[in-house]
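Consider the two complexes below, in which subunit A is the common component and subunit B and subunit C are the respective partners.
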Partner chain A sequence: MSLDLNQATPEDIRERAAIDRSVRYPVLFFFTSAAAWLFVATLLGFLSGLKLRVPTLWEDCPWLGYSRLFPVHMLALVYGWAMQAGLGVMIWLMARLTRNELKNPVTVIVAGHLWNAGVAVAVITVWAGLGRSMPWLDFPVWVAPLLFIGYLMVTLWLIPMFRARRAGEVYVSEMYLIGAALWFPWIFATANLLVGDEGAATMSTGINAWYMSNLIYFWFAPVALASAYYLVPKIAGRPIHSYPLAQVGFWALAVLAGWTGFQRYVGGPFPAWIPAVSGAASIFIIVAVVAAGANFWFTLRGRQKLWEYSPTLRFTLFGVLMFLAYAVLSGVSSFFSLSQVLQFSHFVVGLDTLAVYGFFSMAAFGAIYYIVPRITGCEWPSPTLIRGHFWFSTYGIGTVVLTMLVGGFAQAGQMNQWDQAFVRSVEVANGWIVGRIVAWLLIAAANLGFFYQLALMFIGRGRRSAGPTLIHAEPGSVGSAEEAVALAGAGGHH
Partner chain B sequence: MRNDLWRLFSWLGVAFGFPWLFLVLLPYVKQSSAAPVPYAESDEAGFVAYPDPNMVRAGASDYGAEIYRREGCAYCHTQMVRPTYAGPDMWRPGWGGREEEGLARETRPEDYIGEGYAQLGYQRIGPDLANVGTRLTDREKLHIQLYNPRANTHESIMPGFRHLYRLVPADGRDAALKLEGKFAPEEGFVVVPTPEAEALVDYLLSRRKDAKLPASIRPAVAEAAPAEAPAQ
Partner chain C sequence: MSDNPDKNLDYEAEGGSVVDVHDAVRREKVLPPTGKEPISFGPLILTALVLILGAGYLGAYSNGFRDDIYVTKYYRPDPRPAGAGGDAAAEKLAWIDQWMKDGKKVYNNCVPCHGPAGAGQPGLFPPLKDSEWVNGGTTRLGAIMLKGISGPFTVNGVGYNNIMAPWDTLGDEKVAQVLTYIRREFGTLKEGEDGIVTTEMVKAAREQFKDRTTPWDEAGLRAIPEDSMLPGAKVDPQTGQPAQ
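Entry: the complex of A and B
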């Protein structure tokens, strides 16, 4: 078992410190540049919402139209922030789980620059009018190799680490990481080779939708769950509740995720079995998410109060909860009775945002709050800013998702009144779009604080302390003696 | 230890390989070889095959398709009419094509042959465009819609694509957009479309899926839309 929860010996502590030192620069590079992209993405989210509500603003400038701002916002959010933060989490987690130092930090940093260059070129080309109206794949096809090679240069190092691990069973987090490392190049290459200007027309569009769903279930989900399966037992101070259940969840995801995606085009110009199979898979996959959620819940039983103090646990659990919400909503909305209302409404934006921000980003924040103090050797400067980050993010993402989900119902209800003018559905949606604009402002505020704290940590200006930064300053009111012990163990540098 | 890795890799590959092969690759390859469906003698269609390139790729509509993609039109407009079991699209006047001639129908894979990437769309913030070429046949009105949508529909939230048009001194030219009242350009100037705008309009006019289908792919029972749909 790689996840050793026994009292750490001095050798263990020295070894972990050496591992953390070896990954320090690449991981910090990924986290800080991801946070910068996140800030850009939130501003673009705000601007695109604003343009949707007030279309006459800056009408002469083609760069500031909704139909360019929105795809650019999604590209910055998915590739600039989410995937980049995920890469940082992957490296640190694999090094810790396999107890290996990273031998080639320089290659990984070079790869990080390549990835950032790829994201920047993708964003600028789409913004400048070379986009292709293909969600999450808008960039010109020659940008894809930059991202592809950058990705491989990072994740290939996970394989020798995995092979050089200590003897013993493979922990489920390692399986998720290996899965994510393998699946992303596969789906990314498939999507970029098949989806393009030539070839099968409607299958290309369907594969685009399949790619989005697979990126969520085959990359965001494995990375976030790998991190949660590592962090939740660490913070709870006890091993994961059921290892077989974790395995079941893993294999359910592995077997089902590849079938999802086409349900976005239920009733579309495809052989009818294709969206039907995708819809069924997106319903069954709820099992995989429930298995993980239940496992975390039972692991924390009697110690749930830890969530009030540990920023890591709070963000991670919120992310897992949102993953459950995403899986249920995307599964249920592929039933005909709901898809005929919600398909193509603002609900779609709500769902995509829920996956990328509500689920993955929150889980990644949880991991970052745990990792950064260990690799920099100082603690987060301000519990207030952490608290603000959590609540502004929660209210922000809650507002985006709720307004787009409920507003989507209202909009589509009008759209489906076929005997009245289409523009009624536009008018009904207008008010809900205001919610989306406000929400991205809240999220931008949250992440300004996050970026500021991360920058302080980066330059070594964090808090010097033996104890971790907890959300509430005095942990004296922790429920039980057992929780207090767990908390002290969870926070320390080991 | 080493075997562990390859065993895990193989199982992960199998788990993903199945949907990759059967859901993605094979249907894609099968559809890649799809050619326009020939009409039989008995169809009396007047065309060789469906879809007919002269119809769906008229004028500069290939270039127009590029402009459509570049401007991200598909983020707000779909080009997909769902069958009645999946949504009420067919009941909305004009969405399924020309009802009065009994040609209204849902979109089918054959409608997109030759397009490379079917612009099925991400959202429906604006109306579906699968058959816009049968609903809006007036070039001028389409240009005004692209230049300033509010001049056509007061409540529209579509952005005006000003950069596809030029404001030029009038000098007695007539190939200009007839913008009236508060939408009119300043005195002595007229708005003229660029070649990009003309191509985009060509493309929009080519968005019509109302040709009679060859008997080989025609559904056995064509479902008619309600007869007395109110005019928009």
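Entry: the complex of A and C
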């Protein structure tokens, strides 16, 4: 028995290795195909921005119209990349947390193919002009079952795993994972059944907004937080600060998320109390984010320097920070005075991008940087590329959010002037659209390094020496981010 | 693979096991059980703030959860142009709306004394709202604007003793706009009157009072008949062109 309680016993290590091996192929499958979709989405993000800025471009080609490029970009980003990466994270996390090997890797891989087929069909149909014009739900309704079944085939395995968990208190990550696994089928089915040709047009719009907000709070948030609650204590080498705080955060999310969404149409043709309830929920839910954020803050107190070295911690914490930004912005913008101005402007696009890329994707990158070395048996090749990935992503997301926020104000200011020609609002916003183009270029630059490294890891050509790849350290020169901090501290005193 | 000593740092010292254990898996710490710290002060305060904000929001916007209220009282749409005919009318502003809009801008000159709502300031500056002078004929108003007033002055039976400098530097159009604005906004118009003062009318006033060099006193102004109107063609409020 080791004296250091944080050090794993040989039995632990053997178990871990077996678990990691059991999920290796499905998880790698999800991560690599997610990365491929991210590549497509990034390209489309850039093209759709360009098209919005220069509408006369490729005038004769309906396939390159904004009304197709943008929805397709969002579908690829949300279902192709973000959710798929999230599914990979879920499987690995659940297996690790409950200490179960994955019994059916083959089924999960089949399910993964089904999911990818669903995303591909969704993208192609919308691109071909068969879309429903419902953001994040653009695909024709018959595509939904593909995604739905694919999803269930993956996440259903999480439930027996959870039931066969080791004894003792349920770890908060497990709660988040089970929550996410169950909430998505509910919101996805509800939205697909109620939105579209059959439903009343006005309600469809509202339910659409409800779905988007719920996908963020009921799926992206729990998956990202589950990962953060697992990885932060692992890297910090100390327990999560407070169990009660974690519980408050979880239950606040669970109780409130379903009420959010309608505030996007404050002042719209709904009885006024509906958006009011949603708006209040989107304010209350800030509590869930504050609870998680505070918990990580206290856990890391005195060890913040780890953030400089550990890629996992850096991406994860940045994601949590952006989650806070998202929650506060969406809460504040449900106030009438702001919403009245901003609700139909570019601001909304900025907010969605903040949630999917700034928050969830960054947290997912954090998890991927942690998981992939463990399941492939090699280390990330280049700290420089990781650093580039982080900073270019940060610049990219910063650019989108700032330009869309300011541009949204400018655009909306004109849009709300009834004696002004509508085209004025377009002209005023036009300059800010450049931000969107630049941002997706930056994000593309960020991810090229990521794709390259992931591909190397995938074919087993990662770094073969011992020791993690840390951001500000010679690869393999130190054994952990903690050691790197200690070394740097010692160097500083001389 | 196993001939690469760096790759698989097999932990099994006893030998026999072929468990392929990568260094990342070995060095990883265990996941410690969550700490039991109580919720501390900072998050509690933040939570309380968020709850208060959200509750206030709900109270303000929910309108008692009634199904028949669609627009909260906080929503104040801009007024649509007079005689609105749908979007076509909205696209082009009626002449009178633009005239009033401009008049409101000119009225900014008067706000320091007469106040944004024309209420004046007791004892110092008389009100324009429902003042006998504003309600009366346009000749008196033209005279006041172009030459100013000084000395004791009664408005609706209340005495003032102050000075208003002449506004003749404003230009005929602006004087016409601000007079239209105060009459339509603050005055009570007589039956059949539209309250519009045109540039042509102000020109006539300038002509009529051009020989006067000093500000008016009350007696001089009251010598102008109360219902005397400046000469000039009536205009169509939609187009601003002389009405037939």
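By definition in this document, the second predicted complex is superposed on the first by the 468 of 494 C-alpha atoms of A that agree within 3 Å, B and C clash if a C-alpha of one lies under 4 Å from a C-alpha of the other, contacts with A are read in each partner's own complex, and residues count from 1 in each chain.
Everything below uses one rule, namely that a residue touches a chain if its C-beta (ideal position, glycine included) is under 8 Å from a C-beta of that chain, and two chains touch if they have at least 3 such contacts.
Remember, predicted model here, so these are calculated numbers, not experimental data.
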{"item": "Subunit B versus subunit C as contact partner of A:G88, first or second or both or neither", "value": "neither"}
{"item": "Touching partner for A:F335 - first (subunit B), second (subunit C), both, neither", "value": "second"}
{"item": "Partner chain in contact with A:Y243 - subunit B first, subunit C second, else both or neither", "value": "second"}
{"item": "Touching partner for A:G319 - first (subunit B), second (subunit C), both, neither", "value": "neither"}
{"item": "First, second, both or neither for A:G267, with subunit B first and subunit C second", "value": "both"}
{"item": "First, second, both or neither for A:G407, with subunit B first and subunit C second", "value": "neither"}
{"item": "Touching partner for A:G112 - first (subunit B), second (subunit C), both, neither", "value": "neither"}
{"item": "Touching partner for A:V277 - first (subunit B), second (subunit C), both, neither", "value": "both"}
{"item": "Subunit B versus subunit C as contact partner of A:L194, first or second or both or neither", "value": "first"}
{"item": "Overlapping contact positions on subunit A, where the subunit C interface meets the subunit B interface", "value": "266-267, 269-271, 277, 281, 336, 340, 416, 418-419, 421"}
{"item": "Touching residues (chain side subunit A, partner subunit B) in the complex", "value": "51-53, 55-56, 59-62, 65-68, 70-71, 129-135, 138, 159, 162-163, 165, 167, 170, 175, 178-179, 182-183, 186, 190, 194-205, 207-208, 210, 218, 251, 254-255, 257-259, 262, 265-271, 274, 277-278, 281, 336, 339-341, 343-346, 348-349, 415-416, 418-419, 421-423, 426-427, 429-430"}
{"item": "Partner subunit C, residues of subunit A touching it in the complex", "value": "5-8, 10, 12-14, 16-18, 20-21, 97, 168-169, 171-172, 230, 233-234, 237-246, 248, 266-267, 269-273, 275-277, 279-281, 283-284, 286-287, 290-291, 294, 298-299, 331, 334-337, 340, 373-374, 377-379, 416, 418-419, 421, 464-468, 479-480"}
{"item": "Residues on subunit C engaged by subunit A in the complex (per definition of touch)", "value": "4, 6-9, 11-12, 17, 19-40, 42-43, 46-47, 50-51, 53-55, 57-58, 61-72, 74-75, 78, 80-81, 90-91, 93"}
{"item": "List of subunit B residues in touch with subunit A within their complex", "value": "1-2, 4-5, 8-9, 11-13, 15-16, 18-20, 23-25, 27-32, 34, 68-76, 78, 80, 82-83, 85-88, 91-93, 106-109, 111-127, 149-150, 153, 155-163, 229-230, 232"}
